[in-house]
């Protein structure tokens, strides 16, 4: 029996390994390698259009150099896509979706490869358990190297997913460069399931955040640039919703409703900075549907996208 | 038995008729006729005063031409008041209160009579089930006539109230003129009861929305202009609360508390754009009470009114 | 048995007395004496630094004259600290923490000693039961002396804590000077326990409110000026969180999570103007942790502090 548990713990997906020191009986050890890397020509609106308003944009308005979180193979082998199977997201913004289950330990190896701005960076995680040396938040006279990883340096954040960690949670830069780094897209999500909880067929990450003059979803603005999420009737889909920045938003999906965790049927839900929620439903409604922030000025500034449901 | 069900389905209030095609056993078919009509001299503050501050206003600040939703008798006979029995609201803004019960089908016949601005308009409904052709939301290259009903034209939106539709929900223009139309008051509410749920004695609609330089409740600003809601000790009253626009609000009623649906006792509750909640209590406290948005700058800009409770 | 109840009711802490008229069987009578008094040199940042940004401030930016709520001994004997045992807060802003239990009656004796601005003032309480004459909210032509207590005058607010009053609630000036008074710090909290509910070992008051150009916690801005909350591993701690003003906030504590009352595990929670929540946990994590508003612009403008947990 013990042998089986060890085997189960050893095979929890790419980047996860069993550790002798880990509490194997209660969960796996998952290792992630994440670097801060330049994205020198990030484009918020690759199609250069606000399709809803029928107006054109230009690269001078929509392209800028930034630094983002990028996933690597173990031991910094080579960069890989941030997007895991079934997530339906684009690459780079948000950072890698870090998956775990309650009871798991996570080692997140972080390396600062910011050759663009040469700023210190860090990772601060919500929702999980850790000691102060894995907090990653700058506090003059108190915090240590975890909160100011200098260019070329690394830090390993040691986290535990408790039973109170089930759900989705933000991570983001909390170093002295935090304000600029978050404005440039240095954020991502943890997605933590219960021990026996089933994974959804499709998982969609929606991060509402301002970027320059626009209001973006996953660093992109306006229909046709923001992620196009897709599913098939009969699939279980999950939306991971989060906000970063300084504003409150209301997440709305056309033609659907969900039960929020306090039992209310809703189709519009407030999310403030660093708040998150995960919602699920079994898809039954084919069509092309809008999802957007229902704060009107945000929607008009780009915070809107499409969701395509096809028949099996 | 079947005959009885047919009869019950046939008499669900003004504008509702039984349809041969309707699933009579599971609910009624309710038909509503709603037009977009000019309101050429809408006045946000008919008494021309900010009574709390003791300052005077002038019609040049408070009167403007707009387009609103207006209820009609069946088959466009003639316009009638938007306000159903027991609602205690003023007329015109918000649009007609569309009532239904879980299991009902709704046919909302919409006609664009906007002779003022001659804009396209539409109705987009939250909370209910429908096919994409009843979504009413403009999406270039995808949406159809439901999302751009031109002046003089009509569209019928076909909706179903599911068991997950119980509560109050917004509807609003989602056509290409959406931004201007919502700023002018083109919104209203669905109020959906459970199959056997008792209707309250009094139902009050409170829509928080900006309008020009003011912060309005139901298109009106400042005490004496906003709705004066009334009830009698012993009555069951329901507040239908909603926000439209780009800001978050906090709804507060003096001298009362309520249990929100997650079991908390509160007397102040956040509502963001397109969010809604319905709260009920049995009235026990005679007096003249303030209700208002507790966002201070909103309250000072007009988002406040009075609620009068008298003894039997 | 009845005798015992009378004795229990008579000894509920400083300022509480038994009243012949009180429903002794169901609770105690608690009396508080609170005055509006000048604080001529309130300093939002006594250390004159934004430690996170590494910048200096000057008293010309951070010091200003204001009027605050100040607790007195019975019958206006002499001023005492606003901070009760175990609260870990600084003095003066917020006003006195008014504690009670469900079933108690509260007499809050208020005196206006505003010799600085010579404005009318009042106290308006959330969460408790009262008659209109204890509402304390100015409404021209309707409200009475409770809503405009002039300098030198007094008013006694008569409140009852019901079973729907358990939790924490705001009180604040709601007189004609409300806007200026709240901007200057005239607010505080009621903390009401259930009949048999255990008091926490430590109780921390966190009031998010703008003040001049800064975003303050309890009238103070930036780490080192805002309250330093402390606890010992094993203690039960309670955070009383509230917002005043015109903005929504998200309360976040590093390295901890809590169950909100609808059963969700969170570590970041929205609080809008006049909303409140009380959260508790048994402390297990030694370290120096940040607590802050996660609205980035608010955090950068001072809305951040530290929480120290030591081992027993």
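Should a chain be cited, it is by its letter among A, B and C, assigned in written order, with residues numbered from 1 in that chain.
Here, a contact is a pair of C-beta atoms (placed from the backbone, for glycine too) under 8 Å apart; a residue touches a chain by one contact, two chains touch by 3 or more.
Values in this document were obtained by computation on a predicted structure and should not be read as measured data.
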{"item": "Size of the rotation, in steps of 5 degrees, that lays the CA trace of subunit A over subunit B", "value": "120"}
{"item": "Self-contact between copies subunit B and subunit C, residue sets same or different by half", "value": "different"}
{"item": "Centroid distance [mean C-alpha coordinates] between subunit C and subunit B, Å", "value": "36"}
{"item": "Residues within subunit A bordering two or more other chains", "value": "248, 262-263, 270"}
{"item": "Residues of subunit C defined as touching subunit B within the complex", "value": "124, 126-127, 129-132, 135, 137-142, 162, 164-167, 169-170, 176, 179, 182, 244-248, 261-263, 270, 272-276"}
{"item": "Residues of subunit B defined as touching subunit C within the complex", "value": "51-52, 54, 223, 248-250, 252, 254-255, 257, 259, 262-270, 285, 287-290, 294-298, 300, 306"}
